[in-house]
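What follows is a pair of complexes built around chain A, which joins chain B in one and chain C in the other.
And now, the complex of A and B:
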């Protein structure tokens, strides 16, 4: 049988039972649409989370004091954790490929101005903080490059903190109190919005040396190291460790490259996308059962036709292929409809709920189509085999 | 052309052996018009099915066009049926969703013949069986006589060695039956070999050679 004839014969069979065809294909369409819609949401979530993290840049390595380890080992072996100091941060600037090493300490503090006061998140940071984390200044400038050990009492306000404290007035040059000490406002940051629930606008930035004194702490919370984006991560990590271990005498700190964190997030989020795709896949299987049912009925109804086809020269294989072809065509029709359905649903969702991140991953869409085809073929195998194994004489007599 | 020797066929019905055919010997020459008559259960349909390669004998050999077809595989049988046998059934057996023309074309389509080669053959068949105006109609829009003419045209489409008709008029009124018989006789006049199974003596009487069967055996073989 020629390919074109095969296709048109199969089409004619499906056209003869239009309602049945549409309903059966609908089963597959719903399955495909579910897969596409769910993976679109999953993938949207994926991108959303990754974007949240990468908006500060991806070439950042965090160095934190202390090390995760098992305690209670041999007595006498005293584990001491030396604090991470501003000098450590200064030393790290000399490591290979490093662009900036920003000391960071974070806490809460009350800021007051002209009788108004507000509790905000306080960041004690180095002057390079803004550049390292791609945070821009709306007014004035970021903290100046003072000697980090004796910095001047300058403060930079987050956009929300500035608005709450000063209303619409320009705060540049005004004095505020931060945790009881007097600071001069030199800048206001651009709004950054919330990142994973943290409001980055309700903040005040002061020099890290002053913040350490204010909180009466010895150690920084973190040193954030940025490096040349093209530099090999392992080499950068190695350079950091060499310098810090030399200064501390042991590796009593933890180095966490953001890229590794992103990889972990990526793995988790991929698993979520896969899981929702699998949930959609269940409805695809249900659609496959629909094809199985309809084809079983069709074989029973068309037994005498199968007998005739055998009598006029169709082989068993030919009959098998005809019914498999019908199953595959049903699946492909349903799959195409499902693709359009799922995609437009994802688009509609995006229009109705712009806050919900939606992104259609086309690799999944293609995969879903292939799965639909496979489900159709798998569902077609049993009835098609039954049809092929009918005895031509019995089939002819079935009327 | 057709040579059956020692053909026997036994069915198991309810645990009991029924001898549908007992050692039948039969030769059919090219261009013959043969009728097989006998009461129901005499084995005439079984004989026709064996000649048509839809059924296999338990013993005996069957030669078609000087080739032993007794032991062919299922696929080879399908190919021989396609190329050498044309079936005409009592209940027409047309595919309901296909038009008259598509039904006639079906064996050629299954054989994988090029559409360009099919078209002139189809046109000739439609003209020959007076179906040109009905070519686009589906079976439910055709009369019984027209349906059977479509079936005969379909049987002829591959230029078969033999036309096998099982009660071709059994589902038609007398007048239409005569007309369909006339069509089959025209196939014979044009040099075709026609075998008709019937229980109607009047129809049997019209053929040159008349086989009478009883209890799975040929009891009479008259010519002229």
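And now, the complex of A and C:
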């Protein structure tokens, strides 16, 4: 059989039973659409999380006291016998490629002003915090570059905290009480919104030296180191470890580059996307069973036609290819329809719920198409073999 | 047509094209089995989390320092510090409440534990003798921390099974001295191995008396107070008491967060239920695909059985009866598929139980009811079009044409 004949024959047999073809392809289409839609949502969430993290910059390394991790957070941040100090942070500025080393301690305190009070998240930080985390000031300035061991009592408010405490008034220069101590407001941050459940606007920033005194502790929770974006990560990590180990005598701290955290998040989210796609893929398998059923019926119906073809010289291989081609065509038709369906459903979903991030990963779409093709071919094998092994004489006589 | 005739008719049809019937059963079965397996996994995870929370203690209330006005602020409160500490005196004041059976103040931190030349960094818990009862801990050897005034401490410690193994190997650990930070403690007990519990490994901890931990970490402030209410009914009263007592002690300022075990558990429960439902409905898409297949095959059957239907109508069968015959066939298919699917799903569930005996995989009753119901419903819905087509066939034309 010539190639052109083969193609036209396949198309003709599918066209002859239009409704049947459409319904069979629809089975595959629903499966593919489900996979595309689900992976689009998964991939969208993935990008959303990565964006949330990288808005602070990617060239950040966190150093925490202690080497054990529980609940994903370093335990040393709570209490530790091997403290990280402000001097450690100052020393880290001398490490190779390091741009800034910001000491951080975090807690919860009440701020009051003129009879109004509010409990907010308190960050005791160094002066470079704003620059290192790409947080911008809306009014005034961030904490000034004082000696971190004896800083002046200045505070910077988060936008929500400022709004709650001062209403529409300008808080610059006013005095507030933070945890019972008096501070002068020197700045208000721009709104950052919620980041992964953390409200970054309901906050107050004070110098880290004063926060340590307020909380009566000697250890920082974290030192955040930023490095030149072009510098090799391993070298920067090495430099940090060399300085801290020399100061502490042993490696009693944990160094976590943000890129490593992003990788962990990435693998987890990819695994979830894959699992959900696999569950959606069950529909694809059922669609494959559909192709198998319909082709089995078709072979029974077209027995005499097959007999005739064989009698006029078609080989077994030719008949086999004919039915396999029909199965593959059904699957690809369904796959393409499903791709369009899933894609438009994802777009529609994005229009209805703009908050839900959606992104169609084309690698997954291609993979889904290939899987559809494979399912179609696999479903076609049995009926095609049955057709190919028909005896031409018996087949012709069956009519 | 009598009911028995109806069934007999459908049965004949199904039997005459056995491979077609089996394939449709397979498609339906895959759908139902997928729903059952997926919901068992979800339900198993939910029960597992519930059990884990249960093993943390019963009627538990957790007091932590700090409070946040926005609901999103929880993570900050979880490890953050506060200007006014939650102190041991605050904890001792809780004795005044009638609703509270016992409580254990808790300090936690990272410490390096050394025995001889071996050293290991582990979480160090400072607490009192009540911790054992509240957390349902069990001892493998020796005894737990001695009761007494929590303001004073003896230099003793209780170590987890893994710590004992790492530091002492096969040597007996009881009665030996270990160093934590710059202090010495005598090992008086070894905890029974419990394994991982909600991300916290109790085999890998060291428990010292509260006052020792305060000195070790140079801190007054407690990390948590674990409170056990006298009964389930008194949890709410105990929570109110705790809030009131601490507020009075803190000059009228409400600066602690009190969470009950039930509230946390309910949140997890809701999330996991929603997840299970979502995943189940994704799996149920395959049932719709199976429905499409049934419709397709029925349509083919209508064409193939034209003469038979024509004959039935010529003999006086109404369109309604023809429709009923098709619906019976579809229902039988769906029922068979559902039974097969439930069986395969059950098989998959027991396989999962074999693989992970710790997690109680179990299909929830609503899934066991909903999966076959959905299968039946889709089968009937997708048979409407073919059945109507069959009912509308004109007997004369159907019989006359070859």
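For the reader, a short list of remarks on this structure follows.
To be clear about the criterion, the second predicted complex is superposed on the first by the 386 of 399 C-alpha atoms of A that agree within 3 Å, B and C clash if a C-alpha of one lies under 4 Å from a C-alpha of the other, contacts with A are read in each partner's own complex, and residues count from 1 in each chain.
What we mean here is this: a contact is a pair of C-beta atoms (placed from the backbone, for glycine too) under 8 Å apart; a residue touches a chain by one contact, two chains touch by 3 or more.
Please read all numbers here as calculations on a predicted model, not as lab measurements.
Chain A has more of its residues touched by C than by the other of chain B and chain C. Shared-chain residue A:317: touches chain B; no touch with chain C.
By the touch criterion stated above, A:108 is placed in contact with chain C alone, chain B being left untouched.
In the superposed pair of complexes, A:218 makes contact with chain C only, with no contact to chain B. Of the two partner chains placed by superposition, A:271 touches none, neither chain B nor chain C. Residue contacts after overlaying the shared chain place A:366 against neither chain B nor chain C. When the two structures are aligned on the shared chain, A:347 is found in touch with neither chain B nor chain C. In the three-chain superposition model, chain A touches chain B and chain C at no common residue. Taken in their complex, chain A has these residues touching chain C: 19-20, 23-24, 26-27, 30-31, 34, 38, 65-68, 70-82, 105-110, 118-122, 160, 179-180, 194, 197-199, 202, 214-218, 221, 252, 276, 279-280, 282-283, 285-287, 289-290, 292-294, 296-297, 301. Residue ranges of chain B in contact with chain A, taken from their complex: 49, 52, 54-55, 74-75, 78-79, 81-83, 87, 89, 91, 93, 95-98, 106-107, 109-112, 114-115, 154, 158. The touching residues of chain C, when paired with chain A in their complex, are 19-20, 23-24, 26-27, 30-31, 34, 38, 65-70, 72-85, 107-112, 121-124, 180-182, 199-201, 213, 216-221, 223, 253, 255, 279, 282-283, 285-286, 288-290, 292-293, 295-297, 299-300, 304. Taken in their complex, chain A has these residues touching chain B: 1-2, 4-5, 9, 12-13, 15-16, 304-305, 307-318, 392-393, 396, 399.
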